[in-house]
């Protein structure tokens, strides 16, 4: 029986973690913390979890946080690194769903997150938790940096083509649209229904904190510098990311050849499906799948890759559980199908 | 008093035309045709127009179509060219909202529309009805090809930067998301609510019939060959297009410099607003505005242009009315503000 | 030229008022106030109004508020009565879109609004601004209490049947669903997109402040006590109210007879359409129409009335403009079609 | 290992059944039939099921339908009774998700379904499959009529109050709103996105085929005649039903007393949650829960009951699986939590 805890459980990623973990018979949820909601039962914030998670949120205090096999941290970026040193003393393994341990370079972190990194000594220990890329390292890790939602969709989409040398690593253009849950659970006019419904808008054009994550993971994964221009957009759906990637090809290629490259690359990946038609968000919502399709725009010598995930599952909580499975020696798909 | 008629009035563009024209006191709507709905009152299909448009749809028959000052054709591509020769004998001026007269080259038409052009002799007479580009020619025209919805957003976004030599004309990447009304009023599982809601998917990647329209209009407008890679997507909203354009810059430029270029270019255009923040679909829904914003992704030497319109207004019926105003010597904004 | 001002213009009703008034050539908008947004241009909050309303929000100060022919008050209930005495000295006529002057009985007000009424001496002067009921009184009024959104839909639906004695005035059951804009523009988790999308929930069951408004207006309008059980719900649309009313019939009646009663009752009302099929919200969005249909559930001796409006137009700003037209001796439909 | 088959598997209820059954290790899915889609792989219609259900739809032919322990019939009403006699020879137990076996009286069936019943001899054998009401009979049944979606929400809401004599059985008013998937998977303009989005409309007022189902099940369950006036509405969500019930009380009662009655009534029901606050659809989507809340509108001597389910789960496929569990002697919740 795995004892687990969630630090920062009151947001959407935390709630999704609770949902996934509560369904398992090999896991016991020891504690869920949330400072602002401390003292409230989980079901007060998430009526969907009534009868499923019968815990109260408590404040995070390392002195009283129960010793666990695995702790998940679902805090906003900046807060994760603050609790991490203490948490690593209470938890055998930690999976951070925030952005604090995804970049190896503290200067790059500061440039994009706009505050200094306060726990740089932990960075070398953190393994980037994309199982399709880093499975072996994750199995051995005690601190995993769970990937960002956009990077998950973009990196899974680009890895096969870059690894095979099919597309040029510079000048890649990525346009993503995300469901609103990706922006977190918060009180603001900007996130209110009437402002987002029947609307689409871009944000953080070129400066999103996921840009250096995409570039550095792809560089480390393929051995060559990668540059991307990334534009995220909000669309009026609750869950899901659709990422459209455009890259110049290095030599003519066909859609059939691409499909074969992608199918071979992900032949052993239980959560990546290379689809025959263009993928759609609806197919992956509430699942840990990433559906992928690569095709060509032959008139202009480019490859177009389409990638969809559920931002709260493969883009957050589901991937975190997948990482927990690997770190604990369980079958990768446990509790995720 | 302008006498007008609409051929193919039962679709969403036709309904929007009826709404815009019925509100005018200087226009009388003489006839609305729709073969499949012939004999039904307009309000049976569009209860919103009850008490506003008290006409019945009738079949299109050139022999009985009333002589009008302006006829609008809102038929699917392929059907517009079939009725056009006869219609031009009944109507002093015609505005075609379909795609049949937008491309000057019948071979290009056949390649992308997948059927031969049957009225090529009319092509030289047709003026591409983008008022911000072709105002003078539109004023003199008797046959106007109203632009496509995606091209309107893309061309308005690219014109200033291309004309000023700020971006390279090759390798431009365009990603658009469109509301569902853009796909027309039709009975299919694919267009049903449950299939499209909480969903996003790309379609016609690289082969959309709007690709040659974008390229040829930009080439004619700027004097240099332009190539674009275009990916359209459907998002679960009823109206609106958001277009994100990424182009390599020819030399470093700042966001401020871009804004000035765009503001100057559109200083006299009543329906283009160069916005200070990123534009959003909600701001232009049910209006004839195109909201535009150009910025830079300086890390990767690219310009990013964001453009939004209502696909049924500036992307169809509103622009058609704007063209009618110009063709008839009326103030450009009549009935559109 | 009518000089008008809006007090509390930064909410959705205020924005809709600005949109409607800015389109008119016989109206000049002298001032828009909003304490929290004072100093900001209107377009900063509402980019849709860029180029249309070129004003800044200013704080409300009776000493500097310009003398106007008509002032609209779009403040939350409780705040309207606070500014009213001073405002009536600056404005020849005032239309209050809030709830402070709709109930004649201050005790009833306190019971449902949960704070005391602070300007009871103004209550006798206020005319309930439902033009279809009180046209003559509105024409003569200097203070109009614009109806609530739910009451507009419910009262217009019930008036003909109650006036004709077709349904019993007790035990009426009203179930309404409302778009989210009805809840106002505010920052709260509860009103955030992810909480409301793909969701429906009831609120304020039996205790909504619109209950006494519906009952007392119907009593005054028909001369007999009326009791209703009212349940409002939120549904994930931006605009619109659909109200379903169930009332026991006093004697058997047919759907045809009902239609005739309703058509006769509203024969002279330019904004009420008695529809042949069941009405739908889409038909009235962004219009000042109320679409109505009455039918029978003969198995159980009941009449069922369906009524739809746009909560921001006929349910707020549009009806306020309709009232302004009447108060100023203009045609009732000016600027509303 | 249970061998199961699905007749009419290509609709939304069929797809949900496949999703639920494919996740179970104690069930093997032997066949899925769908005449119109015969020959197509399941994933062609439902990409979400790629890698999960690797079957092809085949035409239904009793001669080749494999012998199964349990067959589910998810055909439109009218078609289920046509296949039932033959199917009962191939399947040990059958669960019909359509409406053909829910009413015991063929004349009543014909009145509301508008075609004659063709298998009346099977009606006595059919058990109404609402586990919270008929658990014992379901355990012994070989033919179960799975309840309709609206009736599930309405009957579960009314049973405790009627059984306790708290509300009068006549003149009950029920207003429900349903997600669009309840209307099935079909190609029609009426069901297209642009017609349903940002819209609400009632349909089949007073004549819906679920009316006699609600009345007869409640009569059989409580021993007294029950009459209801039922108005269903479509709202723009994919899944979920919210039912609001208004009934006159027989004697004054408090919300607290109601809660206790409801909690006691459903103490042993694993899928009914009596909620402390008003229930919402979001809490039950993709679950087999019915969330219920009863309160009072004391001013008018009425009880108001709010009930939510997922129309495809507790309202169709989930409840069918719950019935299968009971019929096969399995724990009621297997595969449903």
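Annotations for the structure displayed:
Should a chain be cited, it is by its letter among A, B, C and D, assigned in written order, with residues numbered from 1 in that chain.
By definition in this document, a residue touches a chain if its C-beta (ideal position, glycine included) is under 8 Å from a C-beta of that chain, and two chains touch if they have at least 3 such contacts.
Given the structure is predicted, the values throughout are model-derived calculations rather than measurements.
The chain with its C-alpha centre at the largest distance from the centre of chain A is C. Here the C-alpha atoms of chain B line up with those of chain C after a rotation of 180°, rounded in steps of 5.
We define each chain's centre as the mean of its Cα atoms; on that basis chain B and chain C are separated by 36 Å.
Each chain gets a centre from the mean of its Cα atoms; for chain A and chain B, those two points are 38 Å apart.
Distance between chain centres (mean CA atoms), chain B to chain D: 46 Å. Each of the following residues of chain B touches two or more other chains: 195, 198, 236-238, 279-280, 282, 285. If you check the complex, the residues on chain D that touch chain B are 12, 180-181, 185-189, 191-198, 236-238. The part of chain B that touches chain A in the complex is made up of residues 170-171, 173, 175, 177, 179, 195, 198-203, 205-206, 211, 227-229, 231, 233, 235-240, 242, 244, 246, 248, 278-282, 285, 295-300, 302, 304, 306, 308.
Against chain D, the residues of chain A that register as touching in their complex are 23, 46-48, 50-52, 198, 273, 275, 277, 279-280, 282-287, 289, 291, 337.
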